[in-house]
Amino acid sequence: MGIVVQQIDRAPREAIASLGRFGVATIHEAQGRHGYLGPSLRPIFPGAHMAGSALTVSVPPCDNWMIHVAVEQCQDGDILVVAPTSPSDAGYFGELLATALDVRGVRGLVIDAGCRDVVELQAMGFPVWSRYISATGTVKETLGDVNLPVVCGAQTVHPGDVIVADDDGVVVVPRARAAAVAQASAEREQREAEIRSRYRDGELSLDRGGMRDRLADKGLRYVDRSES
Amino acid sequence: MGIVVQQIDRAPREAIASLGRFGVATIHEAQGRHGYLGPSLRPIFPGAHMAGSALTVSVPPCDNWMIHVAVEQCQDGDILVVAPTSPSDAGYFGELLATALDVRGVRGLVIDAGCRDVVELQAMGFPVWSRYISATGTVKETLGDVNLPVVCGAQTVHPGDVIVADDDGVVVVPRARAAAVAQASAEREQREAEIRSRYRDGELSLDRGGMRDRLADKGLRYVDRSES
Amino acid sequence: MGIVVQQIDRAPREAIASLGRFGVATIHEAQGRHGYLGPSLRPIFPGAHMAGSALTVSVPPCDNWMIHVAVEQCQDGDILVVAPTSPSDAGYFGELLATALDVRGVRGLVIDAGCRDVVELQAMGFPVWSRYISATGTVKETLGDVNLPVVCGAQTVHPGDVIVADDDGVVVVPRARAAAVAQASAEREQREAEIRSRYRDGELSLDRGGMRDRLADKGLRYVDRSES
Amino acid sequence: MGIVVQQIDRAPREAIASLGRFGVATIHEAQGRHGYLGPSLRPIFPGAHMAGSALTVSVPPCDNWMIHVAVEQCQDGDILVVAPTSPSDAGYFGELLATALDVRGVRGLVIDAGCRDVVELQAMGFPVWSRYISATGTVKETLGDVNLPVVCGAQTVHPGDVIVADDDGVVVVPRARAAAVAQASAEREQREAEIRSRYRDGELSLDRGGMRDRLADKGLRYVDRSES
Amino acid sequence: MGIVVQQIDRAPREAIASLGRFGVATIHEAQGRHGYLGPSLRPIFPGAHMAGSALTVSVPPCDNWMIHVAVEQCQDGDILVVAPTSPSDAGYFGELLATALDVRGVRGLVIDAGCRDVVELQAMGFPVWSRYISATGTVKETLGDVNLPVVCGAQTVHPGDVIVADDDGVVVVPRARAAAVAQASAEREQREAEIRSRYRDGELSLDRGGMRDRLADKGLRYVDRSES
Amino acid sequence: MGIVVQQIDRAPREAIASLGRFGVATIHEAQGRHGYLGPSLRPIFPGAHMAGSALTVSVPPCDNWMIHVAVEQCQDGDILVVAPTSPSDAGYFGELLATALDVRGVRGLVIDAGCRDVVELQAMGFPVWSRYISATGTVKETLGDVNLPVVCGAQTVHPGDVIVADDDGVVVVPRARAAAVAQASAEREQREAEIRSRYRDGELSLDRGGMRDRLADKGLRYVDRSES
């Protein structure tokens, strides 16, 4: 502990912009159902959507010192990803740190712990996905790391990975796969548009792709009430 | 497992319409405090209110195949009630399935697992009560059942029961009791309107129904600060 | 059990008004990080903010009788603080009791259990912070106490303490410390305004108060990618 | 609420005895993976194993009155299955009630709430599977039911169903299926003995039943380190 | 924070010895169902039973410095009661600290956080009741308090209160009430012995104290199967 | 998904043997408080202790097919580390799979999900650390991976890392650091032996290492009762 990596490879701007056009559920599917940070990381206010390059921070329980250290490493387009080394429901982050990040162009925060000042953060439009909303403050006593890999929401996040977040939660896309996943997301959205159109016409998914046959093979039985 | 019951007795339209005029808390009281699916099933967006006839689906963990099977069984006025056979926080349901249900007149979903695409579902006005919001996808590998009784939110739901849901959660009313519970709900609301009016005039509940006597019998003591 | 203390010392009006100008996170910091009721007590609708003098109630599980008893003890400016003697997710409180409290000038409710009628409570503007939203009703069978100290959200609340609540949660300030904490909150807000202004100019917290030296003393190392 | 059903059909003695020869996991498999009461109902001491006919009790939160009512209905070979109507961590059951049940030949208790006096219960050899161990006492104020179906551990239990419990938890077998499930359990155990023997000889499950082909069909790829 | 109170009034030796003859459930009942620290504080090994005078410690999350400070304040017959100021699952306590306490005659530990070295602690017979078993270590950076009141297991514990713990959990008895509660426990045990004896003779609780009448008044109905 | 890596670098035998001489808490400290899999992964029976080289498996929820695939890859001295791709409380593992692993010399299992057959596993002495004990069975329908990195207990485990587990839980040591951590563990144990000896002589930790000065610098105040 106690390491700040200063040069990291960030995800390319165009890859971030491409991925930012899609929702979290679409991207998660498009990369083979990997990288979702789980249902416990929730937006502190509804309707937010962000995409950016991960700048990772590990923090001791109830100690936000390393977030102050991380501010200096941030660039325009980054997203701070903060993971405590031991579970904590403290409020590591509030409006003042958001102000410091906002002037550097940081797009938002993902934290596997608590956040506070939610009224002020919503007013300034700084989006946060957190496990808790908590007024509990933190100390500045113990070191963590900046820009080493962290486990956040049970997923490994490397610095420079792409983070996308919306009301469904947060997904991480490895930097090297960002362009391919954006492409796959676009293709998936195209397919979904076709399905949506067919569903609107009343078509059943059962009637496509041999689904009725597969169900029958598995043993699905349709019964009248009398048999049940 | 692997059974689809095709003919079920649905709750009568008028009973559903009657019950749909009341809130979940009122109905729950009116049927003797039975049938509440508990505080863990929450609406994915605020302000929704629905009533309909339950179409039940049991699903394996992380497998939404049977929801696709259930679509075909749905009629106008139904509400899908989905229970996993083992706890799961996967996102079984999203905007595409909602589209397929919406064209058939389904009024909403209750699921003791996860839901995704909450932005899109709110935009299309398709209400969902779920235990999780989760982008995790599901597979189509294993059978469950359609229209057999399920345990959802620790309550047994039979196909054709009436489901009512609002911001307080979800309540199930057995089909055979729907009319009686609607009547009891109306009476309860009438009584509550009278109580509300009296409370607004400053009356105390303590001064009615012999409550002070019952409290004294139980041993309630009023003390001044000096004694406490 | 079974005691109602009738005379309590309430927090002075001016102290409540002073504290009511600040957010929960600010007050929590200003009193040395004490008195936060934790992240599990959440507002039932967003945007509410209240301050008042605590009127405490202990209730048995699933029994709200003592809340009816407490109504009579309430005065203008009070906040009801309700703690179950054993964990309960029942809905102890709804729109009728809120009406009775509202006409007496009660400002809101804090309850370490469940609340219902959230649509109606939002419509009438009666704010509640609770652990659960739950339609489960309660009985009136067993006594608790009014105006004895309670443990709510893992904090001890005495009658007459000041309660402040907003979207970050709930904080309790001991009556005797209310004026001092209000003063400390004002000073803290002043300091934060200065910091905010400096952060907006791009200043780093690292560059103030000898923080870089302290970090170096602890062993923080800045490395290039090549070394990491 | 407030109903005691006095005549119930109990599971036949031989079926109970047959099922009691098998472990919970075996029975659960043998009846098609139904009826497991989940991992949260744990034995209060290790090594217990029981089988019997369910006598069901629903209880209000923190109120064990109906267990006293149920004692009278118990017969030799019964197992008490207790479910609260709303979640409760109270200690509904202790050594005195166990004594009363023991003299009537009751084999043990399954309760989706709390139990206390674990030292004494272990000393007298009365087995209990519960969600909590809790010294919190209960009152005797409110009615529940005896011998109506209950939802316990998210499973519906009818009076007269067979209950089997061991260190893996609790399983319920519908009375009408008891003999068939006992037969299926015996067959399963026979098959497992063969598999065990083959595994001891070093045989791989992969080499039987066409498993390698199915895996290949699904796309499983074996790679050397260099490719990974 | 940062206060060590050096002179405290300890519970009298005889009161501790008297209370130590009873189980936690008995004492909890005997003092009117107050003071139980809840089902989440569990013994790290079965069969332990202790009674002593509370020496209270508040600790920051993941920081056990104040336990080292507290050792010096301990006397023969004390029990350490440790509460974190914010929830923490760290392992604050292990075999070395137990050794230091053991030589001073401390009887055991209650901690609303984590404990480690459970094999060693069991070997040396030093009993601990904790919320977690956790190998996570702690730091020595931030102050807490010694011998100020703490909230532990949602109960307020004052220094000098009597703590009793067994396999049912932990109960706190206020110092001033210790003798009276010991007396009430003895009476309760006497009554329970009589009840136990009657139960062993097959007597039903229903047949005493007018219970059948009270049940009938509440509306309990006994039905045959045919009516149910 | 669907990849089996066949050649992995295992931790050296001597490093495993060295680490296996220490407890989990000691190793966790010795490697700078990294690698603990948290308090939720518990041994299914007390007193077990194992050390080995990780063979990693990712599994879909409620699907243990890949454990069957993994058996073939196991060698003497391995420990299976299994992580579900989505949370699951199913019982993935029982006595038959343990038999298959046992004949290949596998030392035990770590699984961030459920295990069953605990009686049989204890009888055969095959140790398991799991999040749940659960009789729920699994299917064989969907692929996962063998010998890719997994996140288990919120820690990243690579194939070939050293796993050590005892009653305090599970710790992972990166393969490359195994020898160094074993050395550091030995040194730590040596230091602890000295401390233990001094504690037994009644020495206080406060009196060493300038701890009293550091506490005074932080502002610790010793007060008599009268001041507090």
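For clarity, chains are labelled A, B, C, D, E and F in written order, and residue numbers in each chain start from 1.
Just so it is clear, a contact is a pair of C-beta atoms (placed from the backbone, for glycine too) under 8 Å apart; a residue touches a chain by one contact, two chains touch by 3 or more.
Keep in mind that what you see is a predicted model, and the values were worked out from it rather than measured.
The chains touching chain A as well as chain E are C, F.
Mostly identical positions are employed by chain C and chain D in their mutual contact, as over half of the interface residue numbers are shared between these two copies. Here the C-alpha atoms of chain E line up with those of chain F after a rotation of 120°, rounded in steps of 5.
Between chain A and chain F the centroid-to-centroid distance comes to 28 Å (mean Cα coordinates, whole Å). Inter-chain spacing, taken between the CA centroids of chain B and chain F, is 42 Å.
Chain centres here are Cα means. That of chain D falls 30 Å from that of chain F. Taking each chain's centre as the average of its CA atoms, chain B and chain E sit 40 Å apart. Among the residues of chain E, those touching two or more other chains are numbered 33, 38, 87, 89, 136, 142. Arrangement of the chains shown, judged by which pairs touch: an irregular graph that fits none of the line, ring, star or complete shapes.
Those chain pairs judged to touch are A-B, A-C, A-E, A-F, B-C, B-D, B-F, C-D, C-E, D-E, D-F, E-F.
In the complex of the two chains, the chain D residues touching chain C come out as 60-62, 86-90, 136, 139, 141-142. Residue ranges on chain A touching chain F, taken from their complex, read 1, 32-33, 85, 149, 151, 154-156. Across the interface of their complex, chain E is touched by residues 2-9, 45, 65, 68-69, 71-72, 89, 91, 94-96, 99-100, 103-104, 114, 116-120, 132-137, 140, 142-143, 147-148 of chain D. If you check the complex, the residues on chain C that touch chain A are 23-25, 28-29, 33, 36, 38-39, 42, 46-47, 166-169, 171, 192, 195-196, 199-202, 204-206, 211, 215, 218-225, 228.
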